[in-house]
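When the chains are written out, they are named A, B, C, D and E in that same order, and each has its own residue count from 1.
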Amino acid sequence: MIEIQNVHKSFGQLEVLKGIDLTVSKGEVVTVIGGSGSGKSTLLTCINGLEPINSGKILVDGVEVHAKSTNVNALRQKIGIVFQQWNAFPHLTVIENVILAPRKVLGMGKAEAEAIAEKQLRHVGLGDKLTTYPSRLSGGQQQRMAIARALAMSPDYMLFDEVTSALDPQLVGEVLETLKMLAEEGMTMICVTHEMGFARDVSNRVAYFHKGIMAEIGAPAQLFGDPQHPETRSFLASVR
Amino acid sequence: MIEIQNVHKSFGQLEVLKGIDLTVSKGEVVTVIGGSGSGKSTLLTCINGLEPINSGKILVDGVEVHAKSTNVNALRQKIGIVFQQWNAFPHLTVIENVILAPRKVLGMGKAEAEAIAEKQLRHVGLGDKLTTYPSRLSGGQQQRMAIARALAMSPDYMLFDEVTSALDPQLVGEVLETLKMLAEEGMTMICVTHEMGFARDVSNRVAYFHKGIMAEIGAPAQLFGDPQHPETRSFLASVR
Amino acid sequence: MFDYTFQWNQALARLPRMLDGAVVTLEVAVLSMLIGIVFAMILTLMRLSDSRPLKAIAATWIEIARNTPALLQIYMAHFGVASFGIHFSPFTSLLIGITFNNAGYLAENFRGALKAIPDTQARAGRSLGMSSLQSFRYIIVPQMLRISFLPMTNQMVWAVLMTSLGVTVGMNTDLYGVTQDLNALTFRTFELFAIAAVIFYIITKIITLGARLIASRLFRY
Amino acid sequence: MFETSLTAADFLFLAKGAGMTIIVTAISVVIGTILGILFGVIRVQLGAILSAPLTFFLDIFRSVPLLIQLVLANAFLGMVLKLQLSGFFVACMVLSLYTSAYCAEIVRGGIDAVPATTRRAARSLGMTWVQDMRHIVMPLATRVALPSWIGLALGVMKDSALVYVVQVTELLKSTQILITRLQEPLFLLLICGAFYFIISFPLARFGGYLEKRWSND
Amino acid sequence: IAGAAHADKLDDIIGSGKLRCAVVLDFPPMGMRDDKNEPIGFDVDYCNDLAAALGVTAEIVETPFPERIPALMSGRVDVGVASTSDTLERAKTVGFTVPYFAFEMAVTANNETGIASYEDMKGHTVGAVAGTYEAIALEAQVNEWGDGTFRPYQTQADVFLALSQGQLDATVSTSTVAQATVNSGNFDGISVVGKAPFDTDYVALFTNRNEYGLLNYLDLFVNQQVRTGRYAELYEKWVGGDLPSLVVPDVYR
């Protein structure tokens, strides 16, 4: 369970998150939508402790992420994250990308790590690209590799930050398919996305962010069909 | 009048133009369409002598472009050319870009050159950008500046090589407008383009290039309405 | 006008000794590079650290190394520090001088290389649960070394050329030192130094070609 | 901290050495840059194969220790060709060629950085090769090359410390002469180092600043 | 000028009105600098005498030991007045006169090492000026002992600097230089501890090998310096003590 409790976060003078409350239960898929700069990415990086927060609390399985005593590296093993920019490690082959963290962080043996990596890569449809370098992959393939890389750590939670928005339109589908598959397998996920169709089809709840505030949250049918907040309404109108 | 007579041109082993014949009369607008690599750009760079040819002849107003005795620099003053890639001189302001050639090539005085440059820039709608650097211009503005720069040499002919294909869709219109205006003013033009609408509306004749051969040429209505060559048909089908 | 008589056999008879000198030259250059890379890494980390004194020390080292003559640095490593009662042999002094110089230039290269690596790379590593040291070691450093491989090759060439400055601190076993000794014996200045020049040229060519080979094998991405 | 027997005359002596360093550097950098531009343009113009002999010749200056270049040039010009040349002349000549070898690389890089399409645009406006070079290529290449060129000029200044082997008394040699008499190696070496640093550091910083500024637009 | 090219060097010097001497200026008392950094010393005076005899003005060109011959060969100097040992190996390249000075070799040691004689140097770090007679001999000696290290430095000053800093334990140099240096008081903690059993180091003026006219003149000049007492006078002025004989026993020259 991920519990976000009244989280405030500023970059210098700029308050980016102005008191966010959100609880994501096991097996739930929450989609986050909202305008540029509304703080969506920031929230995700706070959840896995890549950014400090100013006040409030974030608990992952009851462990407070930003507590001094918390071992964030261990915590992050539970939380996979995939970013908008493809973050393939360019100097490693696809399979080396995937086994690096299991080997160095979990201390897995080479054979074991490779077995897991192969399984995950086949899972996302990259079974035939194991020894390719990322520069030879399309953007969509790179994103799927990044997903496999995160999955290889056997995370309990996955965070996705606009994983399709830097892709050519024809590549978006393959990545969304992968996400859908994960959701169906019962992975707990928070997805920041601009793909409204995806949000509607896959998520249990959709949250709308506006200027650092979670303006509205609800089941997709409710939020898309009958948005309460005027900002939500105008945002939805603009993206359609 | 531009007369192209059985021109052959190779890059190393690769024969790019395989015997092209084309005569463009004063005041005529000829559009060239065709697949990638079919030799369209190469033909334009041969016309103003930027590339040598292997056999055949190109005559501009009766002067043979590739004859040893021809002063190509003088000849090029008659022929303006604008390329697909924006070729602004980045270290010069817009007006400096435009007056450079008139001053250095035609030996014009500063005041005179500036007067002409201003006129041409206003003509293409950049009257308010005179002292801006090209890096501050949008792609469309850069292309229009390139057109003004060519026009400032008072050319008799203008060659355009896919001047809109590197532009964002919303910027294409403004450049095509400029071309249309030039055509209406009676400029003799050869335009390589992928904009079929433009080709249909503006040109007197449309030529279809296929693998170094001018497969078909005719009035737009004829070529678009009733293409003779099977390749033309499949090309037109693919771009629509 | 051309009445100088070349006595190549006189000089060529000494070729074996000069080749021994070339080995020492290479030894100094390689050692100074290896140690220099380690120090450059440390300097780079110091620069990235939040500690002001560490930053200042790193910056001072780098700027002095880059803004004073290598000859002065080597001379300083021998005669300068001896004023504090610290004595280094000519070999060590030369090694220290060149290493100091290498580390300064390399650290500057590394900094440029780091700038070229998007910081999302480190983030990606961290978010997989790697410690900051792990993500530096496994993700940043390999990419950094690739980007600065060419500058490193150039620095290696300079290190070889810099060994010629060892004579000023009493070094006489390296290629230049040997050549100078032989010159004192025979005074066949032109012939001896011409041969030394050829050997130096060959060494640097081997380094650049070797580096290209290594790069093509190492960096396949 | 320092008790020194350095006199005003000694400082003057050092200043003379520093002056020599600056003069040798200035002459070499000016001549070397002119030659370097020439060589660089020739290399670009002729292409890799035709300019191979020139490339090889210039490569020698970057592959042989400067000390040996100086000794060899001195021995060759004097002993073999029997030319009566001053050490100053030999120093400037060798350093100029040395500079030109590096400068040619910088110039080549700068010219290569000018997009071919930009040059085509210039030529298609009727500009001659020379006009294209003068008004388009050189201004653009300069932006790419200037930071490296500043680095080169400073490098030559530091390397000019080696011209003592052809009997030119520049700054470091002057320092050594004073060390001989005064026996204050550390203090004198620090003064000498400070001089190089004071000239080199701000200029190097300026080069870095230019690089940053120009790479942004 | 065309005529001058065919004239011999002696004519050239007289014609140009200038005599350029290679002198080593960190080799007291033969060559050094006064506190205005002007060249002085035995060799400097010797060059001035030679110039006076030729009726021209002298120009002192400072040359480190390793650069003496290159300076001559490259035409930068006319004559070497630079305490140069007349070895056969070198005579293949340059022409030597009869000896104009003779050195005894002395051992100078850092006081803290306890070295008190030539033999005591065995096993220590010793050094001398690269390219000199004593350096070549000492390096051979160290190799023969098979123990200890030999280090050549570029200049005599660097040698004594290293010695006083304790980087060298002892050095062999000409006794005149050793004495002059120790007496100068510039260097702390070093003393001359004894003679080195090397052959007397005869040093000669040198010029180009094929300039017989000039070589003849120089031979006679050296001879005249002794005959007129100027040699003794200069020796007294710069060195002092017993005047070394320039005659090699049992041979003609």
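Side notes on the structure shown:
Basically, a contact is a pair of C-beta atoms (placed from the backbone, for glycine too) under 8 Å apart; a residue touches a chain by one contact, two chains touch by 3 or more.
Quantities reported herein were computed from a predicted structural model and do not represent experimental measurements.
Touching subunit C and subunit D at once are the following chains: E.
For subunit C, the chain with the farthest CA centroid is B.
Here the chain pair with the top count of touching C-beta pairs is C-D. Remark: subunit C and subunit E have CA centroids separated by 37 Å (rounded to whole angstrom).
Between subunit A and subunit E, the centres computed from C-alpha atoms are 82 Å apart.
Centroids built from CA atoms put subunit C at 54 Å from subunit B. Our note on geometry: subunit A versus subunit C, Cα centroid distance of 46 Å, whole angstroms.
For subunit B, residues touching at least two other chains: there are none. Of all residues in subunit C, those that touch two or more other chains are 79, 82-83, 189.
Residue positions of subunit D with contacts to 2 or more other chains are 71, 75, 79, 82, 179, 185. Contacts between chains, counted with the stated touch criterion, involve the pairs A-C, B-D, C-D, C-E, D-E. Remark: subunit B residues 45, 48, 50, 73-77, 79-81, 83, 85, 87, 89-91, 100-101, 104-105, 133, 135, 146, 149-150, 153 touch subunit D in the complex. On the side of subunit C, the complex with subunit D involves touching residues 1-4, 63-64, 66-72, 75-76, 79-80, 82-84, 157, 161-165, 176, 179, 189-190, 193-194, 196-197, 200-201, 204-205.
Of all residues in subunit C, those touching subunit A in their complex are 118, 120-121, 123-131, 134, 138-139, 142-143, 146, 219-221. Listing the residues of subunit E that touch subunit C in their complex gives 65-66, 69-70, 73, 89-90, 92-94, 127, 130-132, 135-136, 149, 151-154, 158, 161-162, 165-167. Residues 60, 62-69, 71-72, 75-76, 79-82, 154, 158-159, 161-162, 172, 179, 185-186, 189-190, 192-193, 196-197, 200-201, 204 of subunit D are the ones touching subunit C in the complex.
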